[in-house]
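First chain written, first letter: the chains are A, B, C and D, and each begins at residue 1.
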Amino acid sequence: MLTAHWLYGLSGCLIMTFGLRAVLLNDSLLQRIIALNVMGTGVFMILITIAYRGPDAAPDPIPHALVLTGIVVAVSATALALTLIRRLTEEQDND
Amino acid sequence: MPELLLVCLAGLMLSLLLGLIRVLRGPEAGDRMMAAQLIGTTGVGMLLLLSLLLGQPALADVALILALLAAVAAAAFSGQQRETGND
Amino acid sequence: MNATNMLFLDILLVIALLSLAWATLTATDARRSVILFIAFGLVLTLAWARLLAPDVALAEAAIGAGLSGALLLAAVQHHPRRALSSERQNTGKLANEKQNDSNPADLKSSVAIRWTLTLFCIALAFVLIWALLQALSSETSDTLAQSVSANLANSGVSNPVTAVLLNFRAYDTLLELAVLLTAVLGIFALSEQRTGYLPAGPVFNGLVSWLVPALILMAGYLLWVGAHAPGGAFQAGATLAAAGVILRLAGKRNIGLPVSKSYLNIILVIGSGLFLLVGLTMLALGRPFLDYPPAMAGYLILLIETAAMISIAATLILAFLGGRPRNREDRSC
Amino acid sequence: MIEVIAATLMLSGLIFFLCGSIGLLRLPDLYSRLHALTKADNLGLGLLLAGLALYQRDLLFALKLILIWLAVLAASSASAYLIAQYSRRQDTDR
């Protein structure tokens, strides 16, 4: 196991759990969405760490492809969630 | 002499961390945004150094994208939306 | 370069990432969270570069640092009263504000629930770390990675990540394009587009006049280079979308999307549609679904990627608009 | 000889970078910080990239470096302007 594995793997786990806690406990919907994005980033970091195989070896391309699709799906899901929030506040303002 | 590149990388990392302090401290939103711009520029330099150190020419493309898109966030930050729904 | 020399970089990057993540998640104000998240994305790009994932770094630079930041900032701007209230109180007067323990938000949910959930998250962190250590310490056989490199010559491209995305795991990518389409349909169903921006001043207009062509060129370059080096439809689509977002922010009416509704629909569907069509053609030719003949694979992948880039860019621009674009006819009334 | 020039350029670029970040931390208000930032990162990055181009001595790479520098130059001055404009608007609103 490489030092980079320790460092980035552990921080990926930490970022993911920080994010989960904020998703569960934050009051602002917008900040929950940001927290969800941070949480996703933690997962990406774990995947990229698993793909890494030292400075001289080529990394595993499959987790990279997974993370790539994950980033694009995350941004479109974020956009959908933001539109939901906007609709929600519009409805509340109308009441 | 890759030591030179490593020294520069360390210096840029230090500069990034100093910018990070301003991002974390603020106090105004403009200060944070400005420091984020500094992190972006420093990141461009670090990506180019890493591209030579790690033998990954593609990282120069990443630096170019970062350089081009640095202004998008600033523009979104300062953009004023129209008051009415009339586009 | 040997790994020990990079240790200082790893440690400092991890410190920067963890502190930015923590600050993003604990910020009392939504706009502050968003700006911290943008900075987080920038540092993250460096981490991906250092972990030899240039494909991911490209996508993170285009999306994490550019697009999703713009998306979230626009969302904060939309509620100026709520979002700015706490920032205003703090600016200037309190130079080094501290986290306020008696935050009214904290008092709302009961202390017991907060502690239970926090403990649950800590427990989850330990499980996650344990699982990661198991995964990394076991002697990995890497059969998947080996079969990727063994079959790379037949995939039509020489960049392994593109080969995985568009050939070996093409199913996933097809379904991902379908997910993007679903997200756009959801946005369309919920709302009309947000109000536009005020026309840009001369400085910003000057920026737009060179940045937009540069981004379009860059998108074309990334699409082309994706066959043999990091790049591809996702990065190119995100770059192209950034051009549209910039035009939108400059208050331009025409942001590169077609005015006609039917053309817009075609552009949105062309990525997944062409992908599906190629897959079905393979079925008709007696091959398994989405299994290209090696001689033609390179051309087919380029074709699919071009269509996918167009759809992805349109999707992301519409995501930034935040709803169905208003037609010119509607505007008169 | 060229290596010495490259090293000098890169290290002086580094000094500009560090000056910029220290200015960002130490200067008293937003507008003066903005001044420190833009001067430093334009010039700092320019010198660093000039040094890198000499160090690598690869024409295509050098061309890309010039492109990157021009992009950063134009984008960072525009974004500095935009941030200043935003802050002014906030100040007058207050």
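Convention: a contact is a pair of C-beta atoms (placed from the backbone, for glycine too) under 8 Å apart; a residue touches a chain by one contact, two chains touch by 3 or more.
Everything quoted here is computed from the prediction, not taken from an experiment.
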{"item": "Contact-richer chain pair [B-D vs B-C]", "value": "B-C"}
{"item": "Reference subunit D; chain at largest CA-centroid distance", "value": "A"}
{"item": "Between subunit C and subunit A, distance of the C-alpha-averaged centres to the nearest whole Å", "value": "11"}
{"item": "Geometric centre distance via CA averages, subunit C-subunit B, whole Å", "value": "17"}
{"item": "Distance from the mean Cα position of subunit D to that of subunit C, given in whole angstrom", "value": "27"}
{"item": "Multi-chain contact residues (two or more partners), subunit D", "value": "71, 75, 78, 82, 85, 90"}
{"item": "Sites on subunit A at which at least two other chains make contact", "value": "55"}
{"item": "Where subunit C touches two or more other chains, by residue", "value": "1, 50, 52, 55, 67, 78, 91, 194, 204, 207, 211, 214"}
{"item": "Chains touching one another, given as label pairs in label order", "value": "A-C, B-C, B-D, C-D"}
{"item": "Sites on subunit C touched by subunit D in the complex", "value": "88, 91, 201, 203-204, 206-207, 210-211, 214"}
{"item": "Residues of subunit D that touch subunit B when the two form their complex", "value": "3, 6-7, 10-11, 13-14, 17-18, 20-22, 24-25, 30, 33-34, 37, 41, 44-45, 48-49, 52, 55-56, 61, 64-65, 67-68, 71-72, 75-76, 78-80, 82-87, 89-90"}
{"item": "Interfacial residue positions of subunit A with respect to subunit C in the complex", "value": "1-5, 7-22, 24-28, 30-31, 33-35, 37-38, 41-42, 44-46, 48-52, 54-55, 58-62, 64-65, 67-69, 71-80, 82-87, 89-90"}
{"item": "Of all residues in subunit B, those that touch subunit C in their complex", "value": "2, 6, 9-10, 13, 16-17, 20, 23-29, 32-33, 35-36, 39-40, 43, 46-47, 50-51, 53-59, 61-62, 64-66, 68-73, 75-77, 79-87"}
{"item": "Of subunit D, residues touching subunit C in the complex", "value": "71, 74-75, 78, 81-82, 85, 90, 94"}
